Each structure stands twice: as C-alpha cells, then as structure tokens.
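Structure provided below as structure tokens; questions to follow.
Residue numbering begins at 1 within each chain, and the chains themselves are lettered A, B, C and D in the order written.
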Amino acid sequence: MTHLPLDIAHLLAGGLVLVSFLMIYQNRLSALLDVFAFHAVVLSASVAWQAQLQQAPDLYITAAIALIFKAGVIPSALGRIVRNLGIHREVETVVGTGQTMLAGMGLVALSILLMMRITAGADPLAREDLAFALAVVLLGLLMMVTRRNAVSQVVGFMSLENGLILAAAGAKGMPLVVEISVAFSILIAFIVIGVFLFRIRERFDTVDIAAMDDFRGDQK
Amino acid sequence: MTAIALILLIPILAAAVLALLPGYRLSATLNMGASGLTFLAALALLLLPRPAPTSFFLVDDLNIVFIVLNTLVGFTAATFSASYIGHEIETGRLTPLTLRFYHAMYQVMMFGMNMALLSDNIGLMWVSVELATLSTVLMVGLYRTHEALEAAWKYFILGSVGIALALFGTILVYMAAQPVLGEGTPAMVWTKLITRAADFDPGMLNLAFVFLLLGYGTKVGLAPLHAWLPDAHAEGPTPISAVLSGLLLNVALYAVLRFKMLMAANPATIPVGPLMVAMGLASLIFAGLMLYRRRDIKRLFAYSSIEHMGIIVFAFGMGGPLANFAGLLHMVMHSLTKSAIFFSVGHIAQAKGSQRIAAIKGLTVSHPALGWALALGVLAIAGLPPFGVFLSEFLVVTSTFARQPVLAIGLVLGLLLAFGALILRLSGFLFGEPEGDVTPVRASYLPIWLHMGLVFLAGVHLPGAIVVWFQAAARLLG
Amino acid sequence: MGLILALLVQGLQMALVIALAPLLTGLVRKVKARLTRRRGASILQPWRDILRLLRKEAVLAQNASWLFRAAPYLIFAATWVAAALVPTFATGLQFSWTADLIAIVALLGSARFYLALAGMDVGTAFGGLGASREMMIATIAEPAMLLITFSLALVAGSTQLSTIAAVMASPAVGLRVSLGMGLVALVIVALAENARIPVDNPSTHLELTMVHEAMVLEYSGRHLAMIELAAALKLLLYVSLIACVFFPWGIAGPGTGLFAHLAAVAIYLGKLALGGTALAMFETSVAKMRVFRVPDFLGIALMLGLLGTLLLFVSRGL
Amino acid sequence: MAPVDAAALLAGALLLLGPAALVLGPRRAAAIYAAAALLCALVAGLGLTALLTGATSTTVLPIGLPWLGAHLRLDPLAAVFTLLLGLGGAAASLSAIGYFRHEPAPMRVLPFFPAFLGAMLAVLIADDAFSFLMSWEVMSLLSWALVMVHHREAETRTAGFVYLMMAAFGTMALLLAFGLMAGPAGGYGFDAIRAVPRSPLVTAVILGLMLLGAGSKAGLAPLHVWLPLAHPAAPSPVSALMSAVMTKVALYAFLRVVFDLMGPAAWWASPVVILLGAATAVLGILLAMIETDIKRVLACSTIENIGVIFAAVGLAMAFRADGMPAAAALALTAALFHAFNHMAMKSLLFLGAGAVLGATGTRMLDRMGGLIHRMPVTAALMLLGVTAIAALPPLNGFASEWLVFQAVLLSPGLPQPVLQMLVPAAGGLLALAAALAAAAFVRLYGVAFLGRPRSDAAATAPEADRPTLIAMGALGALCVFAGLLPGIVLDALAPVSAQLTGANLPQQAGQPWLTLVPIAATRSTYNGLLVAIFIAISGGLVAVAVHRFASRALRRAPAWDCGFPLNDPTTQYGAGSFAQPLRRVLGAPLLGARETVLMPPPGDLSPARLTVSVGDPVWQALYAPLAQGVTRLSIWANRFQFLTIRRYLSLVFASLVLLLLGLTLWA
C-alpha cells in the first residue's frame, strides 16, 4: 500500500492552510469572498478524499454541503450584501496585512509544534491532519479579530469552521460529522440572516461593528 | 428510560404546540404546565431506579442534580414569566406574536439544556448546548431595541466561537479515544471514555481540554470570556435573564466538569485544577470590581453571576470532597438565589419603569414586599446566613485556607470586593426616600418565596438525603 | 488592747488631720508673708475663716441644683477619708487596708470630679473654664501619680501605704535614683493637685489665670467652708504622703507603745512644719505659669515617673 | 434538662420571637419586648446558675453543618457572657417597651430586636465552627438591620454600610482562622480543634486573625471606625445592646479561641495585644473627649473600655505563656470583671442618652443643658453611671480598673525584658485613659445635665418613660453592687479563670469585711464597702453637724457675672469649649486637631471666628486610601464593559493562544 492517498490528504489539508493565508492577505471584501469560496472548494475536496479513504459515504454529504452551501450560496449572498452596501472595495483591516501574515505564520508554527510535541503517541496521519486543521482554525480566529466589518468576520468564522470540518473528517469514523456540518451550516445561516437583519432594519446602515457599539448598554 | 423520554419529549412537543398556539394567556399557562410536567418527570427520574446508561443518555449522581435543578428553575421561571409578560403586553413592549415565538423558544431551550445534561455522548452534548445557546440568543434579542440587538449579536458571535472551540475539543477527545476504543460511536460515549481514559494519549487530552475549557467556559461566563453575559442578561426579558443565570451557565459548567473528570481519569495529563482555580479567581475579582460601577440593575446581578461562577469553578478546581461538595452546593444555591433575585428585579423594574439603579430607591418604603424579597435575595447571594450560600462559602474558604493559604486570601479579597459593591447598591435600593413610581404592582411572589425558602432550608438544615446525594456527586468529581 | 489602741490611733488620726489641715495652710501663708516682708495673718486665720463661713448664710445661684449643694459635703468626705488613710504618725492604722495608694489617689479623683461638676452646675463661663482646666491638669497629673505609685510598689512590693512606709523605713532600701525621681515627680504632682504656684495661684481671682478658684467662685457660706477645709485637707494629705513615703523615719509601727506614738506625733508635726515652710519658700521663689505651659511642667513629672519605674525594672538596685 | 438545652431553648425562643413579631404586628409591640425582657432575665438566671455550679454541659442539634450538626456547649466561660447578655438584654428590652412607643416605623425594629438577642446567645453556646460563625454573622446582619431603622438620614446609610463592611471583613478573618484550626480535613467541632497541637507560628497567625476578626467587632483600633458611626445611628436600646453586649460577644470569641481552642501561644504574641489594647484605650477616650454628639461620646468610650479589657487579656496571655497561672488568673479576672462592669455602665448610659434624645430630640450636647432640673431621675441615674465609668471609687468601674493595675504591678515577675519595659508603659497609658475618661464624662454630664438649657427643647424636656427608668435603676443598682461587693463577683468568676488559666484568685468571701484581696493582704487590698460607708458617715455627720450647729440659712441670688449681665446660655462652657484645653494638649499631637482663629482687623465689625478641625487619624491614614484604591481599580476594570465585539474576540483569541503556548512549553 503506497503512501500516495495519505500524501494527497496532507496536500489538500496543507492547501487549506495556504488558502487561509490567501484570505488573510486579501483586504478587499469582494476578493475575500472569492478566496473563501475557493477555501470551501478545497475543503470539500479534502473531505471527499477522506470519504474515499475511510470508505465513509456519509462524508460525501458533508463534502456536498461544503461545496454547495459554503462555496456557492453563502459567498454569493454575502457578495450581494457587500455590493448593496457598497463596501466591496473597502480596506478594513485593523493591523497591517504584513503583521497579520507574520502572526499567521506564528500560529501555524505554533500549531505544528504543538501537535508534534504533545501528541507524540497519537497516530501520525491524524496528527498531521490535525495540525493543519488547528492551523486553519487559528487563522480563522486571527482573521475575525483583525477585520473590522461583520462580513469579513463572518468569513473568518466560516474558515474557522472549515478547519473544524477538516478535523472532523480527518478523525477516522467519527460519527455525527454530517449532523455537525449541518448544524454549523444552520448556525452560519443564522449569522448571515443576522447580517441581513441588521441591514433590513434601517437602524444599522453599515455592518461595521463599531456602529453597533453606540448601542452598547450601561452607558446611560 | 421513560422518564428520560418524558423529560425530552414534553418540552419539544410543548414547543411545537406553543409555536402554533395564538393567545398568550393560554400559551403562558401551557408553558408553565409543560415545565411543571418536565419537573415532575425529573423527580421521577430522581426517585425511580436509575436506568442503565445507553450510548446516548446517562443518568448518574452528578447530572441528576443538574437535571432536577434545571427543571425546577425552568418551572418557577415559567410561572414568573406568566405574570411578567402580562405587564409587558400591557405596556406594549411585547406583541402576542413575539410572545408566541418566545414561549416556543423557551421550551426549545429547556429541551436543549435537558438533553445536554442527560447526554452520555459528547457529540450529542455539544449539539444540545449549541441548540440551547441559539434559542437563548433569539430570546435575548426579543425586545428589538438597539441595545437588545447589539447584546444578541455579541452573544451570538462570541457564543458561536465558543461553540466552534468546544467542537474542536470534542473532535480531539474523539481522536484521543479512537485508537483505544475503536472507531465510531463508542469513542464518543462518555461512560466508555471515562473507563478507558487512562489509556488515551495524554497530549491529545490536554489539547482537547484547552479547547473545551475555552469553548464551554465562554458559556460559563468566565473572565475574560464573559463579555456576552452582562449585556445578554440586561437586555433580554427578565425570565430569560433568570434562566440564563440560573441554568445555562450551569449546563456549560456541567460540560466542563465532565471533561475535567475525564482528565482526572488520566494521570499523565496536565493538572487542570490550577487552571480552573486561576480562571475562577480571575472571574471573581474582576466581577467584584465591575460590580462597583454598574448603572443597570440587571447588569449588576449579571456580573454577580460571573462572580459566583468564579467561586464555583474555583471550588471545583480545588477539588477534594469538601470543596467539590461546596462547589456543587454553591452552584445549586446560586441558581435558586440568583433566579429569585431576577424575579424580584423584574417586578421592580416594571414597578419603577426603569432598570437604572439610580431610579430605584427606598423600596422598603414604596414596595415593601418586593424590597424585602430583593433584600433577602441579595443578602443571601452576598454570602450571609442563614442561607445556603453561606454554608458553601464557609466550606470553600475554610477548606482552601488550610490547603492553599495564599489562594484563600485572594478568594477572601474577591468576596469582600463583591460583598461591598452589592451591599452598597442594596442599601441604595432599599433605603432612603423612595423615588419615581410608588404605585404597587401585582407580582407573583410564589417563585421567589419558594426559592428563598429552599435556600434558607439549605442554610439551616440540609436534609440528610440531599447531603448523601451531593457527597456521592462530589465523589464522582474526585 | 491592740485593737483598742489601733481604733484610738485611727480616731486620733482623723481628728488630727482635720485639726492640723487649716493650720498647715495658715503656716504656709504666714511664711510666705514673712518671706515677702509682711507680717501676715496668724496661723489660726484659716480656722477662723472657716468657722466664720460656717456661720454665714449660703447664697445660691438661681440655677444651682441639688448637686451643687451636696457636692461640698461629698468632696469634703472623700478628701477626709483619703487623708485619714494616709499614715501620718503611725502605720498601724486599723482601716488602712480599706484603700491602698491607688484607691487614695482615686478618692481624691472623685472629689475633683464632683468639684468640676459643681463648677459647671451654675451655668456661668467661669465654672466651665475652671472645670475644663482642672480636668486637663488632672489628666496629666493622675498618670504621673500612678507611675510614681508603680515605682513605689516595685520597691516595696505592695501598694499598701503602711507596708510601703515600713519598707521605706527599713535600711534595706537606702538611697535610689528611681526614688529621687519619684520624689521630684510627687512634689510636682502635689503642687498641681493643690493648685499651688506655679500651676495655679490659690490667692488670685483673675479670670484668665484661675483654675481652682474659678470652679468654686459661686460657693459661699458653709459650702465654701467645706470646700476650703477639703482643700486644706488635701494639702495636708500630700505633705504627709511625701513625709510617710520618702521620710518615714519616726513613724510608730504597729504594736509599739503609747510613748512611741506620742513621739511620733511630735516628729510628724515637725515634718509638717518643714514641708509647709519648704512649700512657701518654693512658691515665693517661682512665678505662675501660663495655663498651656502647665502640661509641659506636669509632663516632667510623667517622664520622671515612667523613668523611675523603668529604672526599677532594669534593676531593683537602682 | 441540662443548662445548655435550656440555653438552646431560650435562644430558639428569642430567634423565633422575631417572625412571631412579624405576625403579631406593631400593636403587640409592648408584649413582645416584655417577652424578650423576660426571656433575657431567664437567660441571665441560667448563666448565673451555670456559672455558680461551674458545670459544663453539651448537646447536639440536627441542624447546621450537615455531617456535623450544631454542637452546643455551656461552660463557665460561656456562662459568664450568657449572664452578661441576659442582664444587658433584659435592661435594653425593658426600656424598649417605653422607647419604641414613639417609633414611627415600629416594624423596622420589632422583628429584629429579639432575634438579635437570640443570635448573640447562639454565638455564646455554639461549640463548632460553623454554628459559631453562622450565629456570629446572623448577629451582625440583624444588628445591621437595627442600625438601618432610621434609614432616611444619609449618615445612617453610610454608618450601616461601613458597619456591615467591617462585619464582613471580621467574619472573613474568623473564617480563615477557623479554617486554619479545622485543617484540610475539616474538623470543625471545637473538641476536634482543641485536640490538634499547633506550632507557635500557626498559633500566632490564628491570633492575628482573631485580632482582626474579633477586634473588628469589639472595636479594637484600628478597626474601631465603625463604632462611632453605627452605635449612635441605631435606636438607643439597640445602641446599648451593641455597645454593652455585642462588643463583649466579640471579646468572648477572642477568649474562646485564644485561651481555649488554639492552644498555648508564645509569649511574644502577648505584647501586641497589650499595646493594641492600651493604644485603643487612649485613642478611644480621646475621641470621646472631642466628639460633641452624646451617643458618639459613649460609643468612643466603649472603644476605650474595650482597649482596657484587651490590655488585661494581653497581660493574662503573657503571664500564662510564662507559667504564672496565679497572675494570669488575676489579669483575666480583671478583664472579665471590667467587661461585666462596662456592660452595666454602658447600658445605663446609653439608655440615659436615649431618654435625653427622646426628651430633647437632639444628640448634640451643645443643644442640651440643665436637664437635671427637668429630668431629675434620669439625671441622678446618669450621675451614677458617669461616676462608675469614670473609674471613681466606690463604684464598680474603679474596682475593675484597680484590679487591672494590680495585674500590671505583677509584671516584674515576667522574665522577658520586652514585657518588663512594655507593661508599665502600658499601665501608664491605661492611667492616662482613666484620667481622660473622668474629664470626658465631667464634660458629658456637665454640658448635658448641668448649667442652663441651651435650647427650648432642653428647657421643656419631659422626664423619661417609666420602663426606661426602671431599667436604668436596675443597672445602676448593679453598678453599686459590683462596686461595693466586688469580692462576690470575683468569686463567681473563679470557675472561668480556673478553666482558662488553671488557677484562681484567693477566695474573697472569706476575707474580713469582704475586702478585695487579689494576691495577698500585705500586698494590696481595697474595700469598696468600707470606703463607701466612711464617706457616707463622715459626709453625713458633717452635713448634719453643720446644719445642726452652724447656719442653715439659704438665699437664692443671680450668679456672679463680673458686673456684665449677659445671661445668654450660650455663654456657658459648651462641649467644644470644654474640650479645648485637652484638644490643644493631647488632640493636636495625637489626633492632628487644628484650631484656626479668624480675628478681624481693628475697626472691622465682623465677628471673630474659631474653626476647629479634628478627625479620626486612622480613617485618614487607612480607610480613605483603601476606598480610593478600590475606586481606581474599578474605574480601570470598567473599561472592559465598553470594548467592541472584535476586541472581546481578541481576548478569547489571546487566551486561547496563551494556553496553547503554555501547553507547548509544558510538554
């Protein structure tokens, strides 16, 4: 039995990390959404590959959800919002992209180091997969905290969640993966609806969270 | 088994019915009835012989405590809400439509929490916690004011991140278990995990626990993950504030405890006690400081919830039979007392037409019954006898000082900080010339007095059966 | 026999002190007059004054209450009892054990307490002025007195005056630094307690400077007589206290015969005369202090008392 | 039925009287207070019998700490304080019958008053850490409720807050102390605590915590600041209870732990207690000398007496540690005797102050005066009280102070030079405090009761109500009794000194003429009875003689006004002016009192002004900075309420990364 299948799995997982970096690198919303769609595609590919590896047909559903929902519906929906709000070419990072990239590097290094050092006992494949998944998760969080407006935070959250799905798919024979991915899709749907909601009511004319901070309680 | 089924089915069915049912009076009654039935089912679960754990559901000494408490407070909160929403309808802050939604969501939330507490499967537990969270998010935003939406949004984002982290932790636990227990469901069944935990890869468990602690800890409201809690409490309808403080925090705490037990079962893992102690102490002192500058009465008590969660986590972090017993007792006492406080606060806010602390003065003159009820609650939560909180704080402080003097001093300082702030505000609420509206309101005192009665009973004489029961649970926690 | 003699001695003592007290005051005045080149009134003059006052009608301020009328007798009684308990010429006093030195000081304290109250009863500025200053002085004089008592008690191993006198008389004691300090301190306290120059001037009625006289300003007739008598008794008490503690020679011990007692009386009279003369000479040689200098003056006594005590703690020999 | 069962029953009855009052309502108030008084009388009787028999009885109730139950115990030590509580409580309840007739909001007092008494009794008989602390805290809570009765005054609210804060602080200290004694296994029963041997260091820590815990309740400096606030704020019978009884309960806690539970303390622990005590005494009475609010003066004098008591207790500790049981017994007995006396005197004075407050409607001394004419009985009884508390023979205050001095005079026997140096100095401080007390109470009585009325209210003040007068009379009788026959009291206290120090004073009853002989007849004796008799006889004789043989004529005339008629009563010496000499002499150096005189230039007709600034230095030095610190911290922390969601997320993110890093390093 050759290592090829595993290497492909690694390749896809690593690819996901790379795409995460791409996302951090983007500072225009429209571009960001495109990259995210690509992120979802890579995810679904790697999930599908895992399904093929583990002979777990139900993972195909997860992959399908990822493809349709995350690569298709959500980005287009968000894209529409962004266009309607006319913030698609906005530059809205908090710290410069450079520092963010550096931080991202650090996070990836951290996650790899962590995996290598503490989970010496676990089986290597799972470990490396997990290292990548962890990296994606952390990068997603990083994106959430370094971006100003809600749309890019949503995107960051979704990339984070892609990392989760990756990890779940990588975990051999983990039950409920499908349910979890479904649940997460619902969650994200909620978020998007939330964003919609804030736009539909005329109260928040922008989705920039700073605008909402005026309504923070306990200031009276 | 049937009892479990009832505990889960009643809420979900009620939710379905309530979603369709117009007319808020009827649905309020139904809501109350359903919660009551759930409570009865929980009692049955407590009294009948325990069913054997399945791969999805589990009943043991630990979670039965949580379940009974959960259903009880769920019931009393529903009773309170019945009288609360009447007033809200009159003032027009809520519409019958939103109320229909509210009642349905209430039951969904109860369903989620009950399932989380009953689940023997860490995946199921995660799903149900998420469910409970989402339903509460929707209720926090119920009033549709800027503040409410902002609070809901904050709660939602932070909660979702927490959920994500918790899920990652869950996956890690599975991956730690999978080599030992084999693929598939068994590797997610807690009862199986705990038996073989010793053979798991400790590193994996450590990593998992970090994520689980942060993930579920966000829901527990531990500083610095607490940010959602005060606003969610302050801006949502008061029954929901009561349920959040009284129940949801416990559910999240329950999850943390389960995984702590898992860690404890594997000697090679990092000691999680110090971690929890540190977070608990941080939350306690931080919340103690925050209490001083609050202007909104509900936010005030929300921070006091953070403070008490800190104490509880501290106690569980210390471990040992005394501290665990104290932690468990403190959790129960806090749920009962804090929800009672929120009940009276809800009525007071309605009477005064404001939640601003500055607007609430001289209650013992203008609304004696409400005022003294609030006084009892606050004095109890501040750790004064003859109430149960005093018993638990007594045990925590004394047992800690004998083992870790420095920690105990930190604990005492935090307690004093919080005590000072609460008493300062309380004497403002109760005494001086009454301000604002002094017209009496019709309030439902039954839930308040029921809770305070129980808390008083626990403080003066804890029935032997309960002691044995709690001690068993404390032993489970190790 | 012993008991009878003791009782006799006790009674004699009480009669003696009351008889001698005004004479001592008279003597002091006489000597002062002489020292300032005046002839001065006879030594008996104080007695004459008292008797005359007793015969006069008492004039009472409108506002005076029963306390004002009762106080003089109370003050006199307290002082008298205190004076009666100080061994003058014999240590074998029947009732000396009813009160030790601390109690005697405290008795004088209660006399002062009621005098101050009486002073405030009338409701004029004078009374309060005198009372407040008197209490201020006493506040510093009393601790000093107590510290002196401590050092005496440390030497004698007792606070009973009879015992102290007996011990002091014994050659074992000898000359001690601490006792010297005690003596000086006691003299200062005595001056303050008896409202003598430089603390207070018994013969002034200048509002700004008077202390004791301000309190008794409203008294007249028999009440004034009582107060005067009490004051005289107090002076006598202090003189005989100093005498019995620091110069205990010649005091008749218990069980000694009648002759010894008579001799002791003679010696005692001599001591009184000496004491009175010394006081007079001192008073003529110093000037009255400002009221707020007095605490410093008494502070010396306090310091000396404490120092003496501490010295004794360091070594019994000092 | 064993005494302890009876005590438990009485405590329960008193505690339940509160809820009962809630049901019965204000119309039954008199009956409820009467019932409380009756129960307290029973408590006193019980305490006395338990003390005289010297027996110890224990029992366990199925409440309190679940696996332990509430252990109760009535031993001589507890019995003394039970007696004390009974007497003080009875008097206060009796006067409450009359006092609260005019209370506008009776239900703010009625339920808490009896329960407060019950809680104090519960503290005394508790025999395990939990029931002890629980009753302790209930006691604080109820007394707080009683302080808050007149909640409309802002100063009352401040007082209540400060009080409850200090109470909580004290309780925390006690919690830690008991935690240390109970050990990690949680042996909360007192018998278990006694059984454990402890190192000197541990006992020192416990002692320190007890000084904080019991000291804060007793009013030991620097934890005394709440007394002058809270005691005056409460209604007078409550002030009497708090000042006269509750401080003694704190003393009981200290004695119980230090002499009974924690085991022998090292000698070097005692100087701290002695010094604290002496310093507290001077500071307290100095404050009393300067305060112008009659109840504040009394509260400050309570601080002084607590100081005296603790100094004596410290002496007892020193003697005990150096193996001088007889001397320790003397010091301890002196402390207990003074505690008993202070209970009687202070209750009497506070009830009197209450009567004055009720009659004149003010607590300010400078609005009173001449009350001896309007309220003769109150005035007479108060005169007794001030004489007693000014430590003047032949009353009880002097007797106990005399004993304390006798104990001080035993200090040469101590081996340690430190103590030899320190004890006489402390003795000097105590003497200073005693002298100051005399001054302070001359001032209080002279300004309030003597002279001419300074306000219309004072000029038309009615005599106090009968129950209060009866209560005051009883207390006055107690003062006289304890003053004239101290020997009897000392013999009654013998079982306690035997229990705590293992030694006793010589039997007093056997002495000729009931003389007080603490050590030996040759060393020092005092006989209050004879002194009183002598004074009475000689004074009486002289009075009779004078009236019989000399003139008895009497004429009323206006007082001498230097020919400058100005009969405005404000020209009398008031509270401030009376205090002035001592304020200058001692207040300036010790309290930082400042006087500034504004003298207008010649020709300017504006009046000259004298402004006096004086405060409690401890407050400035300790509490104000503390409050500021907390405020600053809370302002700093409050920024975390107003972050953006992104920043909150960053917090989560940061903690996650931090933990992961920690994990990496740990591995």
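FYI, a residue touches a chain if its C-beta (ideal position, glycine included) is under 8 Å from a C-beta of that chain, and two chains touch if they have at least 3 such contacts.
Every value quoted in this text rests on a predicted model; they were computed, and no experiment measured them.
Asks: Between C-D and A-D, name the chain pair that shares the greater number of C-beta pairs in contact.
Replies: C-D
Asks: Which integer distance in Å separates the CA centroid of chain C from that of chain D?
Replies: The answer is 35 Å.
Asks: State, to the nearest whole Å, the distance from the C-alpha centre of chain A to the C-alpha centre of chain C.
Replies: So the centroids are 100 Å from each other.
Asks: Between chain B and chain C, what is the gap in Å from one C-alpha centre to the other?
Replies: Inter-chain centre distance comes to 78 Å.
Asks: Once you find the CA centre of chain A and the CA centre of chain D, what distance in Å lies between them?
Replies: Spacing between the chain centres: roughly 69 Å.
Asks: Give me the residues of chain D that touch two or more other chains.
Replies: 641, 645, 649, 652, 656, 660, 663, 667
Asks: Listing for chain B: what residues touch at least two other chains?
Replies: Those would be 153, 157, 161, 203, 206-207, 230.
Asks: Quick check on chain A: which residues sit in contact with 2+ other chains?
Replies: 114, 117-118, 141, 144, 153, 212-213, 216, 218, in rising order.
Asks: Among the chains present, which pairs are found to touch?
Replies: A-B, A-D, B-D, C-D
Asks: State the interface residues of chain A toward chain D in the complex, per the touch definition above.
Replies: My answer: residues 94, 107, 110-111, 113-114, 117-118, 138, 141-142, 144-145, 147-148, 153, 209-210, 212-213, 216, 218-219.
Asks: List the residues on chain B that touch chain A in their complex, please.
Replies: For this pair, the touching residues of chain B are 123-124, 126-127, 130, 134, 145-147, 149-151, 153, 156-157, 160-161, 163-164, 167-168, 171-172, 174-176, 178-179, 183-185, 187-188, 201-204, 206-207, 230-231, 234-235, 294-296, 299, 356.
Asks: Applying the document's contact rule, which stretches of chain C touch chain D when the two form their complex?
Replies: 54-63, 65-67, 73-74, 76-78, 80-81, 84, 95, 97-100, 102-103, 106-107, 109-110, 112-113, 116-117, 119-129, 131-133, 135-136, 138-143, 146-147, 150, 153-154, 157-160, 163, 207, 217-218, 221-222, 225-226, 291-292, 295, 302, 305-306, 309-310, 312-313
Asks: Quick one: which bits of chain D touch chain C in the complex? Just the residue numbers, please.
Replies: 369-370, 372-373, 383, 387, 390-393, 398, 402, 405-406, 408-409, 412, 417, 420-421, 424-425, 427-428, 431-432, 434-436, 438-439, 442-443, 445-447, 450-452, 513, 515, 521-527, 530-531, 534-536, 538-540, 542-543, 546, 550-551, 553-562, 569, 571-574, 577-582, 584-586
Asks: Along chain D, where are the residues that touch chain A in the complex?
Replies: 641-642, 644-646, 649-650, 652-653, 656-657, 660-661, 663-664, 667
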